[in-house]
Amino acid sequence: MSDFEPKIIAFVCNWCTYAGADLAGTSRIKYAHNIRIVRFPCTGRIDFMLLLKAFQSGADGIIVSGCHPADCHYTAGNYHARRRWIVFQNLLNFLGIDTRRITFSWVSAAEGAKWGHLVNEVVDNIKKIGPYTEYAKLGKIGIGSISEGNYARIE
Amino acid sequence: MSRIGVFVCHCGENIGATVDCAEVAKMAKDFPGVAFSIDYKYMCSDPGQTLIKEAIKEHNLTGVVVAACSPRMHEPTFRKVAAEAGLNPYLCEMANLREHCSWVHYKDKSTTLKAAELVRMLVEKVKLNTPLYPIKVPVTKTALVIGGGIAGIQTALDIANSGHKVIMVEKSPSIGGHMSQLSETFPTLDCSQCILTPRMVEVAQHPNITLYTYAELESLDGFIGNFKATIKLKAKSVDHSVCNGCGECSAKCPIKKIPDEFNAGLGTRPAIYVPFPQAVPNKPVIDRDNCTYFRKNGKCGLCEKICPTKAIDFSQKDEFITVDVGAVVVTTGFDIKGTDFFPEYGYGKYKDIITGLQFERLASASGPTLGEIRRPSDGKIPQNIVFISCAGSRDPAKGIDYCSKICCMYLAKHAMLYKHKVHSGKASVFYMDIRAGGKTYEEFVRRAIEEDEVNYVRGRVSRIYEKDGKLIVKGVDTLLNSYPVEIEADMVVLGTAGIANPESESLAQKLHISYDQYHFFAEAHPKLRPVETNTAGIMLAGACQFPKDIPDSVSQASGAASKVSALFSQNELTRDPLIAFVNKNTCVGCFMCQSVCPYLAIEKEKIKAKDGSVIREVAKINPGLCQGCGTCVALCRSKSIDINGYSHKQVYAEVMSLFNERSLEYV
Amino acid sequence: MQELNNKIAELLTNNLVSIFISYKKGLNGKIKPAFFTKPNEVYENYFGDEAQQNLAVYVHKPEVKKYSKVGILANIFALKALLQLYAENQIKDNYLTIVTVNQDNKVIVFADFNEIESYIAQHQIEKNTNKQKEINELLSLSREKRWEFWVEQLSSCIKCYACRAICPMCYCSKCTVELNQPQWISVPAHSLGNFEWHIMRMMHLACRCINCQECSRVCPMNIPLHLLTTKINSDMEEEFGQIAGMKTTLDFALNTFKVDDYENFIR
Amino acid sequence: MKIGFYPGCSLEGTAREYNESLKEISKVFKIELEEIIDWNCCGATAAHSLNKDLALALPARSLALAEKQGFNEIVVPCAACYSRLFTAYSELNSEPEKLEKIKEIIQIDFKVTSKPINVLEFINKYIKPDLKDKIKNKINLNIACYYGCLLVRPPKLLAVERYEDPMIMEEIIKITGAKPLDWAFKTECCGAGLSVSKTDVVNKLSGKIIDDAINRKADIIIVACPMCQSNLDMRRKSINTYLNKKLDIPVLFITQLIGKALGLDSNKLGLQRHFVKVSPELFMQKGISSDSVSNKIGVEV
Amino acid sequence: MKILSGKIMNYKTLKIDNLDLFFNEIKKSGKNLLVPKKKGKTTYFSSFININDVEFNYIQTTISPKSALFPKVEELISFKKDDGTYVVTEPSIEKETIVFGLRPCDAVGLEYLSNFFLNEKSDFTVRLRKENTTLITLACKNFDENCFCTSVGLSPASIKGSDICLTDIGNGLFYAEIITDKGEKLIAEHSALFSNAEKINKESYVAQVPLKFDSDNLIKNIKNYYNSEKWTINSLPCLGCGACAFVCPTCTCFNIEDEANPVCGTRLRCWDSCAFGIFTLHASGHNPRPIQSNRWRHRVLHKFGYSVTNMDTLSCVGCGRCIRVCPAGMNIIEQILDLQEA
């Protein structure tokens, strides 16, 4: 797996983490290139379905990050998001989806260094646990006649 | 079919040194929907901007991706460029190649590939961008000022003087607030009423100001520029249009022993009263809770009989009026802890332990002692007086955590006033720290210590008890080896903590504004938006936000007034269109979105049949209030709410554009 | 039963309701929903243990909504569902007449939803410890084994959406699976589409699901959906102390928050 | 009726009269105070400033033993013991991890159900309701009720109303006919913490308390803490020397006062054990008002 | 209405004890053998692993065997970007499949289904599957109140559509009717297990399903039923799920979905159901069948009316699956009786 370069998609809010990542840039903090940032107005805007869609499109890891509690630009979006992630995390875990691949964090606009660390840590971690194909491959289970593995009971 | 233009900026060496910009531009050409792609040294430079403008026109572009620095830096610049070329500015997006790519990665093929992918992501997004237009909201150019203390007075005058209408609501019978109760003011020791009363009169006479005293806000609906306020005018029982303010009624009222609010409980007043001689309006009201006529079913009625103008009207009822206003300024002031709050100072059982506000009344020429410092218990002039600062403040254990900010200064003033009036007397001040930050404040305190020989003791008072007619003040002097100190005082003045008004919570709920843990109203941003609340169009001034002194209150009031004036300077309010909107067809009206909206921007809208009957209710976003956080968007189960600029389609396309070529083997 | 029949007939006769939703025995002996519009049909009414289906689902049906006043026989789950629907602003005033039969076979006609709220508070449904045990067993497995289990279960889903159809809480006029711009849920019934569908359904039911487990009962493929609903319900209770279908007010897990909500995974 | 009883060290030594009088008055109300078998030191006052676990484990063990004996409540007359036991009781109840740790240390499995109550709570709950009916001698004295520190503090833990100016004892003794005084030193420090190391501080602090009580025309001081009592009573001689005064006001436990009001024998109440003599005349001439009931018993000291 | 029947080529017997051997031989030959299996309340077809997994005790499987020809999701084409050009591949179905244990009504249903797909424009994947699939029918010994094959002109003894039809004739023997060449070929591959037999009268060995309604009368009057009031009141319980269509052996509706990104993708055919509200929803927003009663009527009329007009046959085989699986107790028999009553 030494040449495995994971694909990490980050869902971040505009006011804290996006700005934090900007600060990492202006501070010239170097971190792994595997990250792709998608900008949202607020963590409250981040639809849980997007995380599944990211896995479907082959993301090996996901970072969801926004303002620290009490710091939300819109006063409460991150609190709502936090509840959403608590529910979502529990559900995914119950379904056996590899939640090690989703990292939730609070990174403020002042935490450029934290952002850099976080990305590196996540990339290292995902490199260790390998590519995530399990979820995207679901798209092939259940296709075709019974003889080709319909009702793909693992027998 | 989209025709997207991609403009890759080198930012000199900033991007170009790490990312192969030409290669990115070349790759971008092959992205579906890209009609034009080019790289250039400095896109934000004049030639760069011209390049974009010409490309938009020449290639008839339907969208633009500028791959350069952070959108937080130059998005407005490039959107303006797009607009100048005739493209809707919201059809321009930026890919962040500098802060999120070239500056944080090393020069490598993977860095260039990432840059290309960031461009692809924004190309996919911009294809789904729609032209957006700034939202215009009409503005009612009348301000509502709640509270007629110095902050409210200043706000009202400033707004009125800039030519706009003001409606002022004051719950007590007169405006003036706490400042009218003060004797002299620090750091100049000029008479409080002398500087205040002209302004009170100005408020009453200003053609742009409508004053409602003895009135309260009942409810507030609407949004910035378009509020509807319902004001409750409490029954005064006196027809002010007839009353000439002769004062006969007050003089003859048989009920005399009502503790006088204006004198902080140190004096008494009748049931029909004018709060103080300089009150505005200077006409009485009947305090129905204490009036015999109202308490005993029409017995008494003396005032009615003697009133020369027949102004007494017992039949008056509370009245409600509704006014349209465009902005609201909350200036409801503060309250203080009473002496009964302090266990170690006897739970208020010693008459000669008083609050700072009570001392103000004792020192005031218009006060119950006509300005002589006499102790309440026996009217003697105290020869030894002790002031205790931080009474309740800075006391996480049993008081409040914060510093009330004004006490150091007014206690120094009190000590000076005392020394000026009782030359032989001895004044001591117990303090934790002297916080005299402010223009000539420190000098003022030094004057108290040095010229007026006030004895400042650094330490707290652990207990006060009464012994042989003296108050024994037990404290500690932490500068003298922490030795215990005992002072036999004749009177003690507590610099009691400034706290939020008891009604602040219910008022905040009426206004839909937030408040902090101490129930002071919360400003929108502690540093950058200190006079606004989170609810657009509602401002704060004075001590309702936090205890503050007169100069601070007045400057905040002027700040709030200027915010209001700025708002009123336009006929329409222009707002960024990046807000949410509802698909009425699919909304099922569960209104869960309402409770997540921090701005109360979601309303219920009735869908009606042709005959006017209500078919169903759906959510509706008020564009005047929505700030575009999108929490409702992610919450809505049927995806009936979407948001401009971060629409479902757009973010979906962004995520899907980041597909992994390795693992996505559909075949 | 007679008391119930009389009550239904009375409601219909006095035009207090124009249709009454209850149960009857079908031709094949199966108990099915019945829609009485005339008092003389009420003799068919059936109420007993086999009357399982949560009838609350019918209050959304456009054909039912055409009747101006609807009566409904509600078991405890239907009551919880109706209460939750009321909280979610789905039941117009003066639309429903809700009837239940309590444990002493007394017929109760509720005057308003506050009465239902207190009735439900007095008639707590005992937690099914077997189901909790099943969940705990699953949780005790390794992540991989759990994954295998659910891939096996969900791969058999044929996306007939019976789970959605039977669910009283699934009332959106346009379900997310029916949206295609963008295509949030993969349409085909391959495992990816099935996972997306069931995850989304559970997220949308979080603290709204009243755990009647109708979805599990009606699944033609016998997918243990009750495990998901029970899990999400117990999560809601543990994490936020909230149970759906208990109150008339709209403050549920995902539209409210506490400043000190506990989590241990956000870095 | 049986209630658990945790005497602590003082009640077997310097405050025997507290022990005796408490038991005597309890008897009148048909309450048996049953000692916790194998109780141990409460840890006061040093343990909690040295070792937090020890400071919890010591009282926890006694709580555990009481629970094993089936007591819902334990009367803890000494204010210091009470403070330690109650602290342990609240902390272990609110912090399950601490409880687990302490169970490990003391090797007893328990649920912290035995609640420590002090003598004032005990009297309020079990004596006060019927006290009026059982009064035989009306006490006609001016009394300074002295609380000291630990009976009412820390306020966040004990939740006593008006902790700087409590009225609990006042309310009780009013029933006996006595007149409680408003005075300034109810909750001031008697110096107990320094009673071994710096006796001159104790003399000064306790002296002020006594002085104020006398100045306000108190006939006696009543207390509900053995430490207070010993400082105010036993040290009177050195206090007098220190102050160069002759302060002779007696210091009684509230239980003794109630005992007298109930008409109990002074010796049984331990009144003879005081350093500052409680003169028989106190109750004979002044103490018992003329309207007191007929079958009065003479007081001999 | 003519009784559907077929020509029988040969008669054999098979010892029930030899079924295990038969299955294992098929498996060993590399073919895919689908047998009924049970999971909870659901009986479905799945690949044979072990005789112990095979379910014999069922009136009718919950899920019809139509997946053998028309799976719930199947790939029609796929593409992949390779060196800048797109390569398109069509699926190939090479593995031979044998379905064991379907009922005589199912075999008729599958015949209808393949006729539908192979009518004018022969469907590529269905044809491939049809050619590669052998059906071994198991005649019914039992029935329940939801069975109504006899009312649609079939019976538990029908052999139409089957390649081989087995009937339990007691004494541990299956009576096998070999109907097609495919059947003949399969028997020949395992000839050791089968003994020659004479034609017997099966009637006494199969279930006698009572007549529920008169289908001739129904077909005759069906045009008059379109405007009946009964559709609305009878469809009130219907909640608009697709369970009936998805378990039906003759429902053929599908939906085509493309799933792709710029480098690769696939075109999938998925089951669809006329009971879904959006089944007929036009892009304009207009829906010709806006309410559930319209959809229910369409389904019933399709089975008994439109298919007779278009394909000269009923498209209901009376298996009763839709009745058994309906979450809300909808019953096609009740609907027909109600229509006829009026």
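In order of appearance the chains are A, B, C, D and E, and numbering begins at 1 in each one.
In this text, a contact is a pair of C-beta atoms (placed from the backbone, for glycine too) under 8 Å apart; a residue touches a chain by one contact, two chains touch by 3 or more.
This one's a predicted model, so the numbers in the text were calculated from it and none came from an experiment.
Q: Count the smallest number of chain-to-chain hops linking subunit B with subunit D, moving only between touching chains.
A: Minimum number of steps from subunit B to subunit D: 1.
Q: If you take the mean of the Cα atoms for each chain, which one ends up farthest from subunit C?
A: Centre of mass proxy via C-alpha means gives D as farthest from subunit C.
Q: Which pair, A-C or B-C, has more C-beta contacts?
A: Between B-C and A-C, contacts are more numerous in A-C.
Q: Based on CA centres, what chain would you say lies at the far end from subunit E?
A: D
Q: Give, as an integer number of Å, the spacing between the C-alpha centres of subunit E and subunit A.
A: Computed from C-alpha means, the inter-chain centre distance equals 44 Å.
Q: Starting from the mean Cα coordinates of subunit A and subunit B, work out the distance between those two points in Å.
A: Distance between chain centres: 38 Å.
Q: Using Cα averages as centroids, what's the distance between subunit A and subunit D in whole Å?
A: 63
Q: Among the residues of subunit E, which are close enough to touch at least two other chains?
A: 44, 72-73, 259, 261, 268
Q: Hey, what residues on subunit D touch two or more of the other chains?
A: As it turns out, subunit D has no residue touching two or more other chains.
Q: Send over the residues of subunit B in touch with two or more other chains.
A: Residues 596, 635, 648, 652, 656, 659, 661, 664, 666.
Q: For this structure, enumerate the chain pairs that meet the touch criterion.
A: Applying the touch criterion to every chain pair yields A-B, A-C, A-E, B-C, B-D, B-E, C-E.
Q: Would you tell me which residues of subunit B are touching subunit D in their complex?
A: Residue list for subunit B touching subunit D: 343-344, 346-347, 349, 398, 463, 465-468, 472.
Q: Mind listing the subunit E positions that touch subunit C in their complex?
A: Those in contact with subunit C are residues 39-42, 44, 62-63, 72-73, 144-146, 232-233, 235-237, 239-243, 245-247, 255, 257, 259, 268, 270-271, 273, 276, 278, 291-293, 323, 325, 327-331, 333-334, 337.
Q: Using the touch rule from the top, collect the residues of subunit D that touch subunit B in their complex.
A: Residues 155, 162-165, 183-185, 188, 212, 215 of subunit D touch subunit B in their complex.
Q: Contact residues on subunit C for subunit B in the complex?
A: Residues 88-90, 171-176, 179, 181-182, 184, 204, 250-252, 254-256 of subunit C touch subunit B in their complex.
Q: Taking the complex as given, what residues does subunit A use to touch subunit E?
A: Listed in rising order, the residues of subunit A that touch subunit E are 57, 139, 142-148, 150-151, 153, 155.
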